[in-house]
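Chain lettering (A, B, C, D and E) follows the sequence in which the chains are written, and residue indices restart at 1 in each chain.
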């Protein structure tokens, strides 16, 4: 949980950046394209955006870095964004969701990607889809959208001919695809764990199970609202999304359902592994107790017998018998063998 | 559960104060404002309210302390409140909810705040939103609404220009924001616990887990009806809420969903920690049993051997052998080492 | 489960009394009132009812004791009740429910009250709300409705001016209020148990937990259909319920939801207490094992050493040493202290 | 699961009998009645049915034994049944359900009855309700419908005056009533078990718990679709069911809900009993461990002391003391008593 | 999870084969039939399909092997399939589903069949139902559809007279029927396990339980979307499905519900078996502990006594008594018998 509490007492629509600052300066990149032409450039100030807005073609503005509250405010003014939207773009603890503001559609997504420290990392990406323009806001610079830029540069391909909604779809699609990468990574860990668990059930394995479980919980929490958000777009009757493109949003929706299915399967596998772990621990206790019991049950009677003939009574006839010692050793052997037979029958040995 | 049973046998609409009495005298504060002017004053008796009611501008009456049943009754009469509403304001064990009575909307909320004794405290706040007036009823005086008063005093800002519904939204928003503060406190405790659990799993930790679990259950129980209540306002078609303000109620709704999400995540983390605790306890039992078994398994055979040669048989040839004693010590050493090797192979040591 | 099977093979609408017989003779009390007058009398036979039925004013007939199948049949004929309703009034294993038969509304409720034997007792009360009359059927005479009779006797008060539906509401309200009393009793037991559990976790506590759990299950089972039944009345468009009275049924509905909430909270608290109980039992096992292990681990090596020097070998040089005995005692002491240090480091002591 | 796989590869509507064959020859009994007359006879061949079909009055054909696929086919042709219906009548692994085919309503039910081998037995009964006729198909001859035949024979009684739907209702009602008998049997077993569990928790009890649990699962699985089926009839607008009879189907529906409620209560009681069983097993382990620990803790130090004075050192001054022996016995007694006191304080004894 | 990640970065509608390649060359078989004629042939290239498409009669094209992306693309062009459909046919990790594209209905199913390695295998089969044509895509050649070919070859039978939708129904029906075969196999394993568990609860049994549980989870995951898909067809108002055939899709739907029911019953039986396994393991621990405790409790006091009379004190009067030795043996016997009696009373022996 990021520090929401620093906004307590402020009115709604107050612009405060909640989240980590990854880059020093926000970077604004602009792509303008239609079927025939493509312009790519980096924008230095919000003022430059104002004049770009009304030119013909489809405009894609990507902002990397959200710490510059003033810049966001200016962009909001230029594109006529509601203060609550700006507030949500800045608060990087939003749940994925989509909202139709008539003039534009506001979409919040989580970009999940693997991290060095074993666990994955979630970055918030906000998309505003307007008439002929798409705004995308990222917490930091990332290569995520590079394949889309590449596809835009190629003249052939549907994307140059299609509208702003098709570009927005591509952005969302590339974000959702990242889930598959993270899931394959988790799958690998689960398979590794499954093998290790059988060989050697240590407490560290338990810890890994719980860590994976927690990761899947976090993933799942972001997937359900994501599904609702895409579902809203897919059933949208907004003029901003062309009817023949709705099927592409349905396609994303199908991907998300497949991802949720996989996450659920993983959770059930982990639950099953936890069961196996716990039962193997109690199996181990049983094994320890068996060893203890076998040793104690064999040696206690023998030690008792040895103790009896170690007594110092004056009159103990057996002690005088010449074959007494070997006799008692034989008796002990018989007792020990009897015990062993008893354990065999109980299937303890 | 507060003592509901003291109302058993009374008819519906009977005014009885259920809850704790925190203040000696109820305190009534009045704020009247429009775009140009602001009046703040303290009201001594309900009679003064009657004449205030019909003056122009937006009226906000805040009552701290609910034990004065007669006062509530008078206020109810002045503002035309239904007896069941008054009954609910007085019964501080209400679930959060919102109800549209056409002439006014009645909203019950819980103000959650941290308490000295580790746990949090829930105070009931009732809000009545009417045409041009807002009534708020608190169990005791609190600084909760002070930032709103401050914002009202400032001439600029949307709140002075907006209607009574926008003020009511501010009141609710500031109540909901308090949940974030409580949750951050709980998060801290969970993180602390998570570290401690690995280091030292004592029964006290278990107790803390269960206490936190119980707190989250209580929180969750108040959050779901709260969500429904705000959802009702958000989808309301009451003329008391201006259409362009509906988005602000949706904003509160989003906050509550985020809070519920966090509570659910915490609950799942606690469930996970309980698992770890229980398994670390059984691990500890295993460790204890291992030590016992190792000691018993090594010393029992040795003690038996010592016992054998402590027997007093007349004819025991080994006793006569000059190297008998050292021989048997060697045999014992070999047995002990064998046992230790056996445990090594079983990975017990 | 009461003996339903004794009706197997009979057709629907067959009148058979299922349940306990508490009173020898059914007792019929009649109250007739309007704004100006009130008549209360005891009726001896069903025939007397026939003439009472069509007089002006609102008629409330209360029947205590259901074993007189013939009487019920006559009442049914007089008020035009469907045979299935009579069957349900007689079968005291009905779930709470409400049914609109156009000419009258049939409502079944459970009157829950504390019982001497620690657990609570559920009695079925059926209410038939018709145009200008209310019939109430109880399994036995009870003081439950006395406050309502009292309120009827007083000239002022809404109840004398209102219709039959308002009287029916009062009856239901007084039945629902009894749940609060039972819940407060259960709450007390839970709190008592919570304290005792920490002090002394005996199997008897477990038994109490399970008994309380079972009681809450039974309560919950009757509450959900009750909620549906009241909900049906609250949303009813029957002319038998005046529109302005619907809010009073909503009020009962709110009470039931609050009761369900409380029951759920209690169930979760009991689940939590069960966890604590089980873990304290396994804690105790650990403690026992620790004591055993400490004792065994200290004394086994010492006993072995004593055994060694109890052997009767001819040549055992240590036995001859003058300080041998005290030396070995010192060695034993060192071993014992070492062991104790080892356990200290493991935090077992 | 009956052998469904023998139909794999066959097209839909292929008539194959799936289930056990209980009777050698199918038996067809015919009842034709109206308000004034009643004819009962046994039919030998399907051909005889053809002429019976169009006579006036209400016709009830009951078929016992389903193995005669050809007979079923002929009946299907005479009454115009869809091949899929015939297929379902023959496959005795159908879930309870009702289907409206416009010309007739097809209903599948399970007749549950107690069996000698402790568990209950489920037989499939299919009912086809057409205009003026009812067909009922049973796997074997049973006395189940005898009370209905008896009631038909009596001239008075609603059944002779009512339509085919009322007869179908009676058939279904008598099937549903059997559930109560089975449930009372299960209740008895549960109560027996509850008493035994406290006295003597053996593994056999656990087995009984699980067996009962499994039976309840099977019951429940058949009850939910049954409820849906009856619900469909109850809300049906088919002309085959007279409006004033709908309430009788609602009555069956209420019975099923009561049965489901009881099954759920039993399941929760069994879950609770499983908890008690498991905790009593672990209690027993604790008790065993306590005995072991007490014995070991008392005798180990004493045995050690005895061992010390059994050593053969030359110089052991205590051995020479005249009161040495009695002194050491006293020391041992003191140690033993100290231990016992220690256990008393720990509440182990 | 098949390697979805290799499609990351590609736009939607990119044709990539995801899944295993079972056959070297795709095999295309064509069946064209009407009431009077039937043509079966193998097609070598997509070009041949183009001319076949518009001939009269109903056309069924079956493609075995999906690795030939180019071929699929050509078929897609000929029959006018949307690129997203082709993408889904190629990605063999799709969930079962049905989609109405107006001109055709696209259906994805999983063909489940038993495999040599104990577990079952799922193959994706896609079906496109158009006006007068059916396309079916299989991952590899299989005998699954052979009975349908056989039925087509026979002149009599409804299938030759019915439309393309009835053929599609047959394809789906034969796929769903395979589930029954797999379930009967699982049922056999569960019954085997149930018997073995009582006789000999080894960790291998636990492993089998978990493996079966996992298989059922996988089955269930494919069944729910399958049910939704068929449900969509069953309620479809597409002109591609003739109204009188809807009942056949309902029939499949009923089969799927029966399958889901069986899977759920199996899951509950496995859960129950897991409980029995775990409790039998802890029973075993109790038994082991009992043996240990009995042995220790009998021999510890005896060994102590022997130790006492093995002490070397000068003055130990008992040692001098002529009947001392036999006396102490008797005492030991009495103690041992007393212990045994004690255990009898505790029901340990």
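Going forward, a residue touches a chain if its C-beta (ideal position, glycine included) is under 8 Å from a C-beta of that chain, and two chains touch if they have at least 3 such contacts.
From a predicted model like this one, the values you see are computed outputs, not experimental measurements.
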What is the set of chains touching both chain B and chain C? none
Just how many steps, at minimum, does a route from chain B to chain D need if it may pass only between touching chains? 2
If you average the CA atoms of chain C and of chain E, how far apart do the two points sit, in angstrom? 43
Centroid from C-alpha atoms only, then distance chain D to chain E, rounded to Å. What do you get? 26
If a residue has to touch 2 or more other chains to count, which residues of chain C qualify? 282, 285, 289, 292, 296, 300, 303, 307, 310-312, 316
Going by the contact rule set out above, which residues of chain C touch chain B in the complex? 147, 151, 157-159, 169-170, 173-174, 177-178, 180-181, 183-184, 187, 247-248, 251, 254, 257-258, 261-262, 264-265, 268-269, 272, 275-276, 279-280, 282-283, 285-286, 289-290, 292-293, 296-297, 300-301, 303-304, 307-308, 310-316, 348
What residues of chain A sit close enough to touch chain B in their complex? 1, 3-5, 7-12, 82, 84, 93-95, 97, 203, 206-207, 210, 213-214, 217-218, 221, 274, 277-278, 281-282, 284-285, 288-289, 291-292, 295-296, 299-300, 302-303, 306-307, 309-312, 316, 318-325, 328-329
